Amino acid sequence: MIALEGLTKRYGEKVAVNNLTFEVRPGIVTGFLGPNGAGKSTTMRMILGLDHPTSGAVRIEGRRYAELRDPLRTIGALLDANANHGGRSAYHHLLCLAQSNGLPERRVREVLDVVGLSAVARKKAKGFSMGMGQRLGIAAALLGDPRILMFDEPVNGLDPEGIHWIRTLMQRLAAEGRTVFVSSHLMSEMALTAEHLVVIGQGRLLADLSMADFIQRNSRAYVRVRTPERERFLDVLRSAGLTAMETGGTLELDGVAAEQVGELAARHGLVLHELSPQQASLEEAFMRLTAESVEYHAHSDTPPAGERAPWGADWKKG
Amino acid sequence: MTTERTQQIPGQAPRTPSYVSPIPIRQANLGHALASEWTKIRSVRSTMWTLGIFLALVVVLGCMVAGLIGADTYLNAPYTMPAFFGLLLGQMCLVSLGVLVVSSEYGTGMIRTTFTASPQRHRVLAAKIIVFFLVAFVTAAVAIAVVGLYTQLTVDAPSNPAWLPTVFKGALYVSLMGVLALAVGSMMRHSAGAITTMLGVVLVPAILPPFLLFNESLVDVAQFVSDYNAISALSLIFEGSPSTGHGGAQTALLAGLTVVACAGAFAAQANRDV
Amino acid sequence: MAVAQVLRSEWTKIRSVSSTVWTLSVALVVTVALGVLISWLTRREWGEMPARDRLTFDPTFISFAGMSLGQLAMIVFGVLVVSTEYSTGMIRTSLAAVPQRGVFYASKIAVATVPAFVVSLVTAFASFLLGQAVLGPHRAALGDEGVLRAVVGGALYMTLIAVFSMGVAAMLRSPMLALGVLMPFFFLLSPILGAVSATKKVGRYLPDQAGSRIMQVVTVGDDVPYGPWGGLGIMALWCAAALAGGYLLLKRRDA
Amino acid sequence: MIEAVGLTKRYGDKTAVDDLSFQVRPGMVTGFLGPNGSGKSTTMRMILGLDTPTAGHVTVNGSPYRSLPNAPRHVGALLDAKAVHGGRDAYRHLLSIAQLSGIPAHRVDDVLELVGLSEVAGRRTKGFSLGMGQRLGIAAALLGDPQVLLFDEPVNGLDPEGILWVRNLMKSLAAEGRTVFVSSHLMSEMALTADHLVVIARGRLLADMSVREFIAANSAGFARVRVPDTGPQQREALTAALTRAGAQVLPEQDGALRVTGLPLPRISDVAHEAEVRLWELSPHHASLEEAYMRLTQGMVDYRSSADPQIGMRPAPVPGRSDGWDPDPGPGAPFQPVHAADGPTFSKDPR
């Protein structure tokens, strides 16, 4: 279990992390979301005792990080896949970490096997692809068989097989009763992996609740209907006091459960070709929640009408 | 941006609706590459550092030495002579910059961006050589000229030789050394390796002759090496006499080497995978 | 957290990168080779040396002439051992594994000092023995007064150069910056201060000038206010200051 | 339009790309998929003339890349977001590329604005995050307003807002009639972005077809049907009726039915005939990931395996335990949890 109490980090004027209080519980995968610059990495570094909080504290299993004896046996972390000396082999990289925490050399070979790097264990990390570097970082996290695991963007650079593997790995680790804390920008991945979400924006806690609650609270749910008897269906809806939005060949109904629509159709003998409850995606929910706290907004390439000509207008003349 | 579904690009299958930029596409040329390299060389700090240290070394050391050496030295040496000491050390700055101009692109991966933007690789290298040579030459000439002026103004002694030609020759020699380093950097693609190699090129011939003298048959070689190494070349440029020459032959040798190295660099990069 | 574990870990780190072997072997080869070369040149030029120089000739010190260049490799070794942790980002992994920064730092310095000292010892004896062999009739013997002290002292001098560099690198973190400070410090500032008479008195308290005193056996006619061990002590103080600065900054800074 | 014909690249004994032929057409987003080490990056580099093919050739708009008279005006590429000189600021990085093909300086401002980096244009790229680097790379690709665009893992490091932006950007570029070729490992992203797929593994072409065809060919879709939860009779009646009509029916955990082999209207009719009311009738397409995993199974390098955790257990002989403390002591009351010690996280896509 990781517990944050009023964690704050200031860099001069800028508040990177602002009074964060939450707990990461064992037995489930907890997703850590937020736009770029929200303070996720800073928070994770403070959890690992790498950055000193301006105020507040982090407790790992009730203790401060620096008080942990052999911390790798308590918490394993993947922060940055490239956080290794490029001139050192994967094996030696893990070996020096293992030795610092009194782990046997056998364990190094074992985790190399777990992440599938045994064949390149003696190669310098310099020549590793991003995906291989990521696997090496995951191996380092697993090294001490810790009760708490923390991953920052674990699927970065992994191929689909690797993504699938890390997803199942995290779920299995959580099922074993461990605490798993994962940050990611990939909402579709998170939707598949995490059960609980902690969302921050501009250093502040925006949400700390279960995945289902999060999506439900931050998005629109509706029922999609396709029917060959559209006009009659619309009449029936109108008489029942419901409205539908038409998009393409389908109808979207807000504020009503699929069950009700099914009953309504059955009562009037309507044929439906589709009756599916739609839940907005995690991505949509996330976008809605964090809309105001995004840095580096991109823009549409098409300038608003009346603004300057596409580009190189004067160049064209010349 | 407008979408025009017309066909203008030759060789393309005519059926598919394809985007064509409203801005006409014209051929890129060496002028573009030169502008690009000029932007590159002035937008990194390593340029400022190496050139700044070079200027400081030549000017500061030169002005210090100018006051220390006897006034009668200038009877047979030009007023720019004190610049020689700074150039000895300073040429390593130009060598470093020459290497970095190319090898930092390989080190950072920027070279892929560059070669994607200009698949005519020879044009990129040519532009690099030209821009670097001009920058190095102008900087070196300014530094030597400053030393010459300072000496002329402060040293109360007559001087026989004209010092303007030595500004040109000295600057030419060290810039050629820089271009040689650039070519070596382009072939080796590794900053530290290329700088070490160039250190060897500058220093080894200078300390080699005593060792060659052990063997009688190598006496001629030793003589050649001691006459033509970088340090004697520079010293001849600044204090040569009619009997020893004024470094013209040495500069020609360096120019020849540089041309060969550049040819090697062009050939090596032409079809190499990057 | 057992310190022994961290020491083992740091030992693995240091032996698993090729820069260790490179820098240390360059230090050895360059120091010995240059020392032999200069000893040999001295013997050849003996006949042309002024009588005064012949009287104050220090055969031990001359065989350590390569140290001036060889210490460069020692500086690089010291800087790389510490600063590559930062430049590669390894420091975050390391400190997550060993959150006791003091233990981490002390272990790293201690473990790096051992190979540096071993190589320095080999270098000092090899330089001395080969140098004396080349000097022929002008040689000194290991049993002569002060000679053994000078040879062992030479090894300590080289080791302390590396330790000093480690401390500076821990303060500055970037390898380029650390080398950019240390190289001019040893190769420009120190010689210039030592050469100009006005600053000579300040210059001899710089670490390299104070430390190199221990390698001299013949010290006729100089007015240096400290003895061989005093000089080494001054150098050790410099190292202690650099290490302390490195420790304080490591403790305080975000990784 | 990109056209590869018999493209082959060998490094010594190893064949990275093996006789690859495909076309990337304008007007749509073409996804380029394959496991790590399958030759995707090598192929992209050969398209851009960075690597020379051992055999075969690849052309862009009809001519080899290296003979394009002004490449950035024809092709924009994002290969590696970190492939910039860290000491140069973003603006002058782009300017140097722009000048190389005679693109005016104010176009640099435009693309910086477009990718949202205007505020940091004067900052050295060394301090950029992965996401900012990615945006810079995209800006460089768009600089020449090119007809053909290549992106290698464009969303790497971007936050959700950036991912959404890149997705829409690629779609709009394709809609303008450009050729957009994107490699990615993120199947969910690809499913949302790409119209067409080129899949390779071990350097060989595995598939070159539309996303829809690809999913249809490599996996099965199904319909989810729910009936009123008043009693099991309705469900059984419907199951029987659907089975008679030729469908495969599987019960799901929450009481719904998973029906394969019948189109939705047909299921509706069958339910109507069986006088079963429906509370849900929703189509489910198999995911692109499932389809992809099925296709590329057995072709991946660096396979992961289960964690045996033997190395974590106390060594059998305490005397020779490699420094492992058999009794962690009260300071570290570690209890390894081995609820599922078996190899449960294999490569099986199911």
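Residue numbering begins at 1 within each chain, and the chains themselves are lettered A, B, C and D in the order written.
Keep in mind that, in the parts below, a contact is a pair of C-beta atoms (placed from the backbone, for glycine too) under 8 Å apart; a residue touches a chain by one contact, two chains touch by 3 or more.
Note that the structure is predicted; figures quoted are calculated from it, not measured.
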| item | value |
| --- | --- |
| Dominant interface by contact count, named by its two chains | A-D |
| Farthest-lying chain, centroid of Cα atoms versus that of subunit D | C |
| Chain centre separation in whole Å, for subunit C relative to subunit A (CA means) | 50 |
| Rounded Å distance, subunit B centre to subunit D centre (Cα mean) | 46 |
| Rounded Å distance, subunit B centre to subunit C centre (Cα mean) | 34 |
| Subunit A residues counted as touching two or more neighbouring chains | 69-70, 99, 102, 301, 310-312, 315 |
| Residue list for subunit D, restricted to those that touch at least two other chains | 145, 323 |
| Residues of subunit B engaged with two or more neighbouring chains | 1, 22-23 |
| Residue ranges of subunit B touching subunit D (in the complex, touch as defined) | 1, 3, 5, 9-13, 16-23, 25-29, 32-33, 35-37, 39-40, 43-46, 104-105, 108-120, 124, 271, 273-274 |
| Subunit B partner contacts - residues on subunit D that touch it in the complex | 1, 25-27, 45, 48-52, 59, 61-63, 65-75, 77, 79-80, 82-89, 92-93, 95-102, 140, 144-147, 176-179 |
| In the complex with subunit C, residue positions of subunit A that touch it | 45, 48-52, 65-66, 68-72, 77, 79-80, 82-89, 92-93, 95-102, 140 |
| Complex interface listing, subunit A residues touching subunit D | 33-36, 69-70, 73-74, 99, 102-111, 113-117, 119-120, 129-132, 135, 142, 144-145, 147, 153, 155-165, 168-169, 172, 175-178, 185-189, 224, 226, 228, 258-259, 262-263, 265-266, 271-277, 283, 286-287, 290, 294, 296-301, 310-312, 314-315 |
| List of subunit D residues in touch with subunit A within their complex | 33-37, 103-104, 106-107, 110, 113-117, 119-120, 129-132, 135, 142, 145, 153, 155-165, 169, 172, 185-189, 224, 226, 228, 264-265, 268-269, 272, 277-283, 289, 292-293, 296, 300, 302-312, 315, 321-325, 328, 331-332, 334, 336-340, 344-345, 347, 349 |
